[in-house]
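You will see chain A twice below: alongside chain B first, and alongside chain C after that.
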Partner chain A sequence: MSRHAAFRLGLAPALVVLALITIAPAIYLVLTSLTPLNLTLPDTAWDFSAPLDNYRDLLDDPRFSRSVWVQVQLSVATVVLQLAMGLGIALLLNADTPIRRFARSGFLIPMVLPPIVVGIVWRIMYAVDISPFHRLMDWVGLPIGSLITNPDTALWAIVLAESWEWFPFTMLMALAALQMVPAAPIEAARIDGASEWQTFRYVVFPFIQQTLLVAGIFRLIDSIKAFPLIFVLTDGGPGDVTEVTNYYAYRQAFTFSLWGYGSAIATLMVIGIFVLSWAIDRLTRAADTDAG
Partner chain B sequence: MKASQARTTRRKMLKAGAGSLLVPLTFASGKAPAQGGKKPFEGVTLNVSCWSSTYPTLLAQYIPEFTEKTGIKVNYDTPGFPVYNQRADLELSTKGSGFDVLNVTFIYTSRWIGAGWLTPLDDFIKNPERTPADWDFADFLAGAVDPMRDKKGAVYGIPWISDVMLAGAGRFDLFKANGLAMPDTFDELDRALQVVNKKDNVAGYGVENHWGWTFIPFLQGFGGNVFRNPPDDLMPTLASPEAVEAAEFFAKLINSYGPPAAAGYTYDQVTEAMRAGRINYAPHNHVFLALLGEPGSKVTATSNFSMVPKGPKGRFPGIASHGWGIPVGAKNKEASWEFIKWAMTKEMILRLVEKHGLGSVTRKSITSSPAYKQKMVINGVDTGQLFLDTIALSSQGYMKYRTVHVYPQANAQINQAISRVVSGQMKAKESMAMAQANTLADLKRAGVKL
Partner chain C sequence: MPADASSRARRKARNRLRLGDGATLVLLALVLFPFLWLVQMSFRPNADILGYELAFSPTLAHYRALWTGAFPGSFVNSLITSLVSTALALLIGVPAAFSLSRGGFRSSRRIALWILATRMAPPIAFTIPFFLAYRFLGLSDTRTGLILVYLTFNLALVIWMMKPYFDSVPRELEEAALIDGCGIWSAFLRVTLPLSAPGLAATAVICFILSWNDFFYALVLTRTQASTAPVAIVNFIQYTGWEWGRIAAAGTLVMLPVVAFSILVRNYLVRGLAAGGVKE
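And then the complex of A and B:
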């Protein structure tokens, strides 16, 4: 047996398992999206008589396009906020003192909590009657109404809660990158009279920007999976203000039993994520080449 | 000595072996094992689920008695209403065996029964070996059982609640102090709330944010409906002038007289806010309003109740029944029926009434019993009679919209539409037009010919 054949044989079991747990469900998803599968009508399961109907419907479905726009807003806002919060706190924690070591562990708590617990925490924070935040605002004479039932603030309330949950990830990545920055150029910049901001902007930031980019990509892809907070806090409302695309797919499949249509939405989401990943990969490769 | 012990052990092992062979055989034959000191269903475990309401929550504490009596262990859970419905809908659609007993939710009755996802119960009910005569199926309110039947009359659920909407005022003293009675019409309601709102720091009005349930009495009161002529004509009518007028009025009540964040109140929040005296008046389910008279309520001595107010076109309080059913894929149907029988005995229901003030029960013998009547009199008002008077209205047939198989679609659209109006995101006319268009699209997608 040749060396290559032996490698292929060794890889085969892993590839079979991979195919079973990822590719097979994906193929089933795409096949389902080509049917009008409705769970109350079992005959629709393998009805491929009008395979593109679901996709045609989606093109004319304003709720779908609206949900994509909500998703874009949510993703961009959460990624920007998480990067800003993560980097800011990482800069504050970038020193080896006992208090900072303790604080670093404390800041990780939101990320390790189960998403449903985060949802309950923020549900309480946004409950006008009992929330410490609302009570504080009342106390200082600036009472504000519910943020999650107001269409102007509901999405931003989700953005805040989502960012709180996931900024520790960007913080950890940024902190790890900051600790890899060599001391010599920083010291040289200071000797040359650079301010703190100039040192950060022209010396430290170029060292960590690739890490921040990778962290941003991870968070961007993950933001498309935002679901538990929306489920617990707003149920996609008020109206459809916080109904992101996966929530819309969930509603079609789980509330209405329209699995064919829900699968078509999910398939488009998968394609969207592939395109996004590809574009980001191209962009980062170009950035790497420029940097090199 | 040792030999004797060894013989005993072998004998015991042989008996145990024979027993272990016999038990599955007995179950396979569909009959309970003979009782010889041993519990009839020893070793059986049931998975039971129901949405979180007063009755299923109270029942949980008595389940150890059921296990003691029958040997059946019960995994029991009571998630929130929407979570339960989605979980049950999915489980039933697979015809799987994940659950042995499930709640048959009112708005899903047509869909679940029509699709053949539930087990007909007539063989269990009518067979004297399975059900003693004194369990008395005829004792259940006909109006509560009817939604659990298919077109041929077969029964698929044993109703545990007739969910009836009444009106309650926890702080009726504030009405009385201003010379106001319980409102009988929409106009009277609006005028009364203008007067009592924020009196003594109490919000005038609260309502459960399941608008697909709480908005409909207003929609129908103004002369509108969800569908043109359900169940035969399912053309949605959500953009009618009556629907728009109802949505405007409904949103006004919430925004003008509700507490902060009123649009976010779930049924349990409304109940607790009323019991704490933070919300005065609410159209709310009888089973929840009955808790105003139970320990822990701060408003027992100031509360009052009535039927829900009528609109220009009449009075249309929400009426729904939920029941215990057996999924068609359940593996232990005999044991499932044992659970349902036990959970719905006259004795059990009466216990829950006497000990916990359970309202909206479905057994006629209980609703007419002195214990129930006494418990349902809260601050001098006979809510039990209001319950029966309200149920009598169901003969008008106005609840038919709710049991059509595509009501869940309309329900979701109504929830969104009213949410848009209440939050000020859209005017009523615009929002209801959108609900109409979306419902039409959803119904067509579900294969409804319009």
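And then the complex of A and C:
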């Protein structure tokens, strides 16, 4: 057996399995999105008589467009908050003392918790009758109502929980980038009398901005998949103020049995995410050519 | 004078470090507070569940109550699906990663993009077709069905994490084994794989954590027989309402293995979770 054949034999099982579990479902999804499939109506399977109906309906479905807007708000707010928290804490941890080393592991915890546990943690924080936070507000004389049942604050309650869950990701990436910054230019800036802020802004930041950008895009793409937190905290409500596109697709398919319609939403999401991924690829490659 | 100035500068630097250490501890306590609150709730007796005094007599009653319900079964399901899916992903993915590293395939850039796309795709795009197909294949509410779905992210992750490890092992080491009359795969097993053991262990742990933490797939694809621990928590919330002590205990049990594991593999976490985005 030639060596090349041996390598092909090593690669083949993975490619076959990957094709079976990723490409086949993708094709099935797109095909389903072209039918009015509803599991309570047997005739609707494989009915391709009006293939683009689902997509046409999506164009003037106000609940769909609202879900996209909710998604944009959630994504932008959480990514900005996570970058700010992550970078801030990374700067604090970027000193080599036993306490900071210990804290690097401690700050990691929110990210690795099972998402359902994060949901429960915040459900407790937002439950008026048992939350220590609400009790504190009562005690200082500023009692506030439930944040997750109030349409004005529900989305921001989710933003806070989601940012808490995922800031460790941007923190870890920022910390890794900070530790790669060479010491010499920082020393030089200090000798030249640069202030702390100037040193950060003009010497350190250029070294880490690419990593921050990549971290931000990763979080942006993952924020589109937000599900467990919304499921546990608000179930998309009150009304539909926290119903992101992902949640809307889930509801259409799994609650209302409108599989064709749900598939059309999911197909659009995949397209949207691939456009974003393409952007990542371009950006990281641009960075490579810059560097070398 | 200069000696005095430098000692003052050193003292200033030391004070800054101490100040930073203090700020770090305060911030850490603040950030972890919601999480620690859950853990302490799981030990509070029911009569005192809403209490906030630090001194209370801890009880294991909530944990004991969990032991008698459907929860232990779901814990076993979580364990089996996560372990088997991780093992399968390694079994299929590791040879593929090695082949991609050494084979010089012209299509390797396209395969890399495909794997990145798998990592990025939203789970809802998989759940709908998997749910529909499983109804015909008889895989609804089975552990086999879940194991298969978990491969969608585990397999891509294994290939993505292991290829750079194999890239960094010098080929000359394998060549030596080849001269001794080994085939390429036995050279791989004897030389390259042992050298990549730390990376292999970290990859396995990350696969396990991702499978263990899954909620969405298990919620949609299982009902009772194969439901995993995260879904079991939601199920008993739906049956018995928000019984805080028991929920806190279940949450604490579910998170225990992942928190322990992930502190062990902290340094590898970024690479695994950001597969594709972090440059070596």
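Note that in this section the second predicted complex is superposed on the first by the 264 of 292 C-alpha atoms of A that agree within 3 Å, B and C clash if a C-alpha of one lies under 4 Å from a C-alpha of the other, contacts with A are read in each partner's own complex, and residues count from 1 in each chain.
Criterion: a contact is a pair of C-beta atoms (placed from the backbone, for glycine too) under 8 Å apart; a residue touches a chain by one contact, two chains touch by 3 or more.
Bear in mind that the values here come from a model prediction, so they are computed numbers and not experimental data.
In the superposition on chain A, contact is made by A:G239 with chain B only, not with chain C. When the two structures are aligned on the shared chain, A:I21 is found in touch with chain C, with no touch to chain B. In the superposition on chain A, contact of A:A266 is made with chain C only, not with chain B. Annotation for chain A, partner touching more residues between chain B and chain C: C.
Contacts of A:I124 after superposition: chain C is touched, whereas chain B is not reached.
Applying the stated contact rule after C-alpha superposition, one finds that A:I221 touches chain C and leaves chain B untouched. Contact with chain C, but none with chain B, is seen for A:W164 once the two complexes are overlaid on the shared chain. With the contact threshold set out at the top, residues 127, 129, 254 of chain A are in contact with chain B in one structure and with chain C in the other. Those residues of chain A that touch chain C in the complex are listed here as 1, 3-4, 6-8, 10-11, 13-15, 17-18, 21-22, 24-26, 28-29, 32, 37, 89, 92-93, 95, 97, 99-100, 103-117, 120-125, 127, 129-130, 132, 135, 164, 169, 172-173, 176, 211, 214-215, 217-218, 221, 224-225, 227-228, 231-232, 246, 249-250, 253-254, 259, 262-263, 266-267, 269-270, 273-274, 276-277, 280-281, 284.
By the touch criterion stated above, chain A contacts chain B in their complex at residues 36, 38-41, 44, 57, 61, 63, 127-129, 145-146, 148-151, 235-241, 251, 254-258, 261. Across the interface of their complex, chain A is touched by residues 17, 20-21, 23-25, 27-28, 31-32, 34-35, 37-38, 41, 49-50, 52, 92-93, 95-96, 98-100, 102-103, 105, 111, 113-118, 120-133, 148-149, 151-152, 155-156, 159, 183-185, 209, 212-213, 215-216, 219-220, 230, 233-234, 242, 244, 247-248, 251, 254-255, 258-259, 262-263, 266, 269-270, 273-274, 276-279 of chain C. Residues 82, 86, 89-90, 93, 111, 114-115, 259-261, 263-264, 278, 405, 408-409, 412, 415-417, 419-420, 422-426, 431, 438, 441-442, 445-447 of chain B are the ones that touch chain A when the two sit in their complex.
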